[in-house]
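Listed next: structures, encoded as C-alpha cells.
Presented sequentially are two complexes of chain A, the first with chain B as partner and the second with chain C.
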Partner chain A sequence: MRYLFVSCYYELKRILRNRLSLLLLLGLPLLLIFLIGNGLQLADAKVRTVVYLADDGPLAASVRSYLEEQERLSVHYADSAAGVEQQMNRQNADYGVMIPAGFSRSVLAGESVQWTFYPGQLSTRNMTAEAVLSGYLDTLKQQLVLSSTALSGQATALPHNEGSTEGVRIATLASNASELGTLSTLQYYSAAYMIMFLFYSSMGTIFRLLQERDQRTLHRLAAMPSPLGAVVAGKALGMLLFAAFQAVIVVLASHYLYGVDWGGDSLRLGVVIVLTIASAVALAVVVASLSKSAKTAETLYTLLVVVMTFVSGGMIADVGLLAAAGPFTINYWSSGSIRMLMSGDAAGAADMLGGLACITGVLLVLAFWRMRKVVSLT
Partner chain B sequence: MNSIIIAWMMVRRTIGKPKGVLLYIILPVIVISVIIGLFHPEPSIKQVILLNNDKGELGQQLSASLGGLEGIELAAGADLTAEQLRALVESGKADAGIIVPEDYTASLYARQAEPLQLLRAKEELWNVSLAVKLEAQDGMLRKLAAAAAAQGSAERDATVRGWLEEIQGSGIGYVKEQSGQVLDVTIMVIGMMLLFVMLLANQSILTVVQDREQRTMQRMFTAPVGAGEIALGNFLGSVLLGTMQQVLILLTTRYLLGFDIGVSLPRMLLVMECFLLSAVGIATAVAAVVKNISNFGYVNNLVVSPTCILGGCFWPVALMPEFMQKLSGFTPQRWAIIALEESIRGATVYELALPLGILLLFAFVLLGFGATVLQPAREASR
Partner chain C sequence: MSLLAFKDVVKKYDMNISVNHLSLSIEEGEIFGLLGPNGAGKSTSIHLLAGLLRPDSGTITLDGFDVVRQPRETKARLGLVPQELAIYESLTAYDNVAFFARLYGLRGRLLKERVTEALEFVGLSQRAKEHPSSYSGGMKRRLNIACAITHRPRVIIMDEPTVGIDPQSRNHILESVRTLNKLGSTIIYTSHYMEEVEAIGTRVGIIDQGRLIACGTKDELVAQSGQKEKLVIEANRIAEEAVAEIQHHPRVEAVHVLDNNRLELYMQEADTYMQDILFILGKHHMGLLSLMRDKPNLERLFLQLTGRKLRD
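Our next item is the complex of A and B:
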C-alpha cells in the first residue's frame, strides 16, 4: 500500500511540475469555453440593421417609429447610401436598407418607389430582416388601398405595430425546442469541452509507461522490491487524481467566472466525471496496447478524441448525418448526461448515465485484459 | 543554390515519411472533404407543407402570398389530415407545416379570431422569419376582410381580391442589392486551410529548433554557407511545404469534389503565402519564448486554437458579440479571411492592399521578434 502512495505522490508531483502542461490542461479548456460559449450566441441575437433614411416627407416619422418598435432588429442610422455599404462591407451590420429621398412624395402621389435592401453575410438574419422590413411596405400598401376606397375614412393612417393579433398560433413539436435544448451555448460547450479535456489529462501516464518500457526504466522499477503492479497502479492513481482536480477546477471556475449553471446535482455530476475519467484511462490503455511507441499512441488517441468530440456534437451542435454515429462515442453519453443534469431532467440523466456506465464497464474489462501487454517487460 | 538544398531537406524531413504525408497532406484533404460533404450544398431549401382546409377564398389568397419566399419550398398538402401533417413535421420529413382552419374566411369577415397554425419541429431562425411573414399576411387579410365585411357575401370576396391585386400591382416595393454573399461552408473550408497552414508552419519551425538544439545548425554554419543562405533556406522550405499543401487541397476540392471556393488559384496562393509568412512569424515568435523544446507543441496548442476561433476560422465573425469581433482584428487569420472574402466578391489585387499589408506587417514584426531562433549558439534552457 505504501508503494502505491509513494508512486502516486511522485506521479502527481511530476504532473504538477510541468507548468506549461498545467496551463494547457487547466487554462485552455476555460479559454475555449469562454471563446466558444460567447462567440456562438445564436439565441436572442438581434439583427443589426443599418438604415439610411433619405426621405424627409410625412412617412419618415412612421418608418422610424415602426423600426423602433421592432424587437428583432437593432437599428442604427447612416447618413448616406455609401455609409450603409461601408458598414455592410466592414460587417458592422447584418443588414442594410436605403430609403430613397422623395419616398413619401412618391407614395402619396401613387407613383412607384423602391427601397434598396443590402443583404449581409448570414442568410438566417437576412430572412428575418427582410420579413420585418417588407412588413412595413405591405402594411403601407394595404392602408393605401383601404384609404383610397375611403371605407376607413382616414387617409393619414400610417403603418405601425399593433399588439399581437393572435393571428398565428405556433406549435413547437420537438421536446428539445432549439438546437441546444434549453441550455445556453455556454453551458453546452462547457460540458463538451470539459469532457474533451478530461480525455487529454487521462492519457499521459499510460503513454509514458510505453516510453518507460522502451527506455528500460520500467525494468528498473520492476527490479525494486516493490511489486510492479503497485507502482503502476500508483502512477495511474496520481493521474486520476489530477484529472478529477482538473474537472473540479473547470466546473468551479466556469461557474464562478462565467456563471455557468451545472445543475444542482453535484453528486451525479461527480459520478459522470469519474466514469468519464475511468473510460478515458481504459481507452488509453487499449490504444497503448495496440501501438508500438508512445508517440504513435498519443497521436492515435488525440485523433480519436477529436473525432469523438466532433461526432458527438461537441464542436458543432448540428453535425447532420454524422449524428447517427454519436451514440458510438463516449462523449455522447457523458456530455449528454451532463446536459440532462444541467436542464434538470433527472430521468434522462439516469438513462444517459446507465449508457455511460455500460461503456465504461466494457472498456475497463478490455483494459484489464490488455494492460499486461502495455507493461510487458519482454 | 545552397538555400534550395536546405529548403528541400526541410521538405523531406517534414513530409518525407508516410506519417508526415498522412498528417500534413492527407489529413487536411480528408477533413476539408468531410466538411464539404457535410455542409454543402447550402443553404438548404426548407420544405413547408400548407394544409388549406378553408372553405372560403381567403385561405387560397394566403397561400398564394406565401409563395416565392427565399429558401422555402411551399407544397400543398391537400390530402393530408392535421394529424398526418403533425407526424410529418415531428419526424422531420417536413420542416414546417401551416394549417389554415376550416372557417378561416368566415371568421375573417366576422372579425373573429380563428388562428392559423404553424407547426415546427424546433425553433430556428428561418421559421421565426416564416412566422413573421405569416403574421403579416394574416394581419393584412384580416384588415382587408374587416373593411369589406359590410358588403354582401357575393361581392366581398371580389372586393378583397381586387384590393389584393391592387396591392400587388402597386409600385411600392424593394430591390435587393446583390452583395456577393459568401457561403458559410466556404468560410469553414478557408478556415480549415488556414488552420492546417499554421500547423504545418509550426512543424517546419520545429525542425529548425531541433537543428539548433541538436547542434546540427552549428555544423551547418561551419560549412561554406552564409547565415543569410541558411535563414533563406529554412524560410523557403516552409513556403514550399505550405504551397504544396495548398495546391493539393485546392486541386482535390475543385476537381474531385467539384467544390468551387470562388477564388482563382493564383489569388488563393497569393493570400495564403502572405498568411503563411505571418504563421511562420507566429511559430518563430513562440519558439523564441519557449523554454523547453518539448513544450513547443503545447504552446502552439495554446496559440493556434484560440486565435483560429477568434479569427473566424470555424464560423463567421458576424455571429460573435461585439468585443470579440474587435479582438478578431488582432489575428492574422481574420485578415486572410477578409482578403479571400473580398476576392470572392470580385476585388482586384490592388483592393487587397490593406488586408495583405497587415498580414505582411504581422509577419515582419513577429519574424523580427523570433529571429533569435536562428542563432546557432542560443540554447533553450532546460
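Our next item is the complex of A and C:
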C-alpha cells in the first residue's frame, strides 16, 4: 500500500504542476459552459425589433396585433424610416423594418408593395426576425389572393390568421424544449461538458504510461523492488482523484457562479461521476493497448471523445439521425443520468445509471485484459 | 562465490535466440565493461539481470539470490541506469530522485539525506529545485544516474550512460563511475565508446550473437588475441643490413619496407624490446626521424572477434 500512495502522491504532483493542463482541465469546462449555455440562452432572448409603420390603412392594425403577439420579438415603434436607421446604428435594436405608407391600399388593390428590412449584426437574431416577419406575409399569401410576382416582403392579403406563425425555430445549437426537456441550456451543457472533460482528464495518466514505456521509465520502475502493479495503480489513483476533484470544481463553480441546478441527489451524482471516470480510464486503456505510440493513442482517444460527445447530443442537442447512435456512447448514459437527476426524475436516473454501470463493467473487464499490453516491457 | 553469475542462460524471442547459453560471473568491486555490436544480446542480458525479462532456461544469481525466484531481494541490491533518460520532466530534480528513492523504501530523514547526497554526487545540488526540462543533455544524464544510487546498491548497471553528451559531462560521469566503485558498488558498464570501457573497466566481456566470446582484463584479452604491436619507423635512410638484422630479432614477427624512409614492423612485448630495435638502427647509421606505435587495443580485438566495429 505504501508504494501505491507514494506513486499516487507523485502522480498528483505531476498533474498539479502542469499549470497549462490544469487551467485547461479546470477552467475550460467552466468557460465553455458559460459561453455556450449563456450563448444559447441569448439566442432564446427576444429580438429587439424597431418598426416604422407608415401605413394607416385597414391592415395596419393587423400588423401591429401580429407583431405584438410574437413571443420572439420585442417590438417598439419609430416615427420615421430615419428613426429606424438611427436605432439600428446605435444598436438599440437587433432588427428593423419599415412598412411603407399605402401598404394596405396596395395589397387590397392587388399591387406589389415592399417592406424594407434592416438586418442587425447577429445572424441568429436576423434569422429569427425575418422568420417571424415572413410568417406574417406567408400567411397572407396562403389565405388570400396572392400576387405571384411579389418579392419576399411583398404581399396582397388579409389580416393574419392567429397561430399560423408558429413553428419558428433556430436550427443550430437547438435549445428548444423538445430537446432539452425541462432543463435550461446551462444545465444541459453543464452535464455534457463536465462529462467530456472528465474523459480528457482521465486519459492523461494512461497515455503517460505509454510514454513512460517508450522512455523506459517504466523499465526503471519495473527494476525496483516495489511491485510495478502497485506503482501503476497508484498513478491511476492519482488521476482518479484529480478527475473527481475536477468534477467537484465544475459542479460547485457552475452552481455558485452560474446558478446551475444539479438536482438534489449528490450521492447518485457522485456515482455517475465515479462510473464515468472509471469507464473513461478503461476506454483509455483499451485505446492505448491498440495503439503503437502514445501520440496515436491520444489522437484516437480525443477523436473518440469528440464523436461520442457529438453523437450523444453534447455539442448540439438535435443531431438528427445520428441520435440513434447515442445509446452506444458512454456520454449518452452519463449525461442522461445527470440530466435525469437535474430534472428530479429518480426512476429515469436509475435506468440511465444502470446502463452506465453495465457499460463501465464491460469496459473494465476489457481494460484488465488489455492492461498487460500497455505496461508490457518487451 | 561471485557476486553475480549467469549460468547457461538462454532467452529466445520467437525463433530468435537473443541470449545463447550465456555463462558469466562478476566479482565484487569490479567495473565490468560489457561490449557487443547492436543486437548482440547486451540489452537482453541486462534486462534479464534486472528482472525485466525471465530467462527461458539457466539461472542468474545476485549476491546469492535468484533473480527469478527472489526478485525483491535482487532488485533491492540493484541500481539501473537505463540508456534512455528515465526521468520525469514534470517533476523537479529533487522530486525525481526522491520519488525513486521512496520506491526503494527510503523514508524520513534518511530519504532526505540520501537524495541530497545523490544530487551532490552528480553535481546537481545547486539546481535541485529546477525541472529537468531546463537542463542540458549531460545534466539530465547525471540526474538519470542520481535516481539509481540513493539506496546504495551493490550492483549498478549503467547502460550507455554517456550517449549524446559533451566531453565535460562525459568525464564527470566516468569519474562518478570510478567513485561509486570505490565506495563499494560493483559496476556493469555498457558503452559504444571503446575508449570509455578501456579507461574504466577492470574487466571486459565481449558478447556477440548472445554468446560471451571473450572475457578478461584488457591485457589478458589482448594477449589471448595474439595481436602484435605495430611500429612505423621513419629514418633518414633505410639500411638493408638493419632490416635483415631486425627480421632476425626473436620478438619481431614481420618487417615491411614502406618506402625509402619508412619501415613497418610487428613485434611482441615492444615496451621491453624497443631498445633493441633502436640499437640496431643506430648501429647501421640510420638517423631516426619519427617512431609511431600502434598498440593492440580492444577496438582491434572487437573487430577481430565480431567482424564489426563497435559502433556499427
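In this text, the second predicted complex is superposed on the first by the 255 of 378 C-alpha atoms of A that agree within 3 Å, B and C clash if a C-alpha of one lies under 4 Å from a C-alpha of the other, contacts with A are read in each partner's own complex, and residues count from 1 in each chain.
By definition in this document, a contact is a pair of C-beta atoms (placed from the backbone, for glycine too) under 8 Å apart; a residue touches a chain by one contact, two chains touch by 3 or more.
Nothing here was measured: the structure is a model prediction, and the numbers come from that model.
Contact with chain B, but none with chain C, is seen for A:116 once the two complexes are overlaid on the shared chain.
Look at A:3: by the touch rule set out above, it reaches chain C but stays clear of chain B. In the superposition on chain A, A:17 makes contact with chain C only, while chain B stays out of contact range.
Ranked by how many residues of chain A each touches, chain B and chain C are led by B. Applying the stated contact rule after C-alpha superposition, one finds that A:252 touches neither chain B nor chain C. Of the two partner chains placed by superposition, only chain B is touched by A:35; chain C is not. According to the touch criterion, the shared surface of chain A, contacted by chain B in one complex and chain C in the other, consists of residues 18.
On chain A, the positions that touch chain B within their shared complex are 18, 20-21, 23-24, 27-28, 31-32, 35-36, 38-42, 45, 72, 88, 91, 94, 96-97, 106-107, 111-128, 130-135, 137-146, 149, 151-152, 162, 165-174, 176-179, 299, 315-316, 319-322.
Note for the complex: chain C touches chain A at residues 13, 47, 50-53, 71-72, 75-76, 78, 80, 82-88, 90-91, 95, 99-100, 102-105, 147-148. The part of chain A that touches chain C in the complex is made up of residues 3, 6-7, 10, 13-14, 17-18, 215-217, 219-226, 231, 377-378. Of all residues in chain B, only 23, 38-39, 43, 70-71, 86, 89-90, 113, 115-126, 128-140, 142-144, 147-148, 150, 163, 166-167, 170-177, 179, 181-182, 292, 295, 298-299, 301-302, 305-306, 309-310, 314-321, 324-325 touch chain A in the complex they form.
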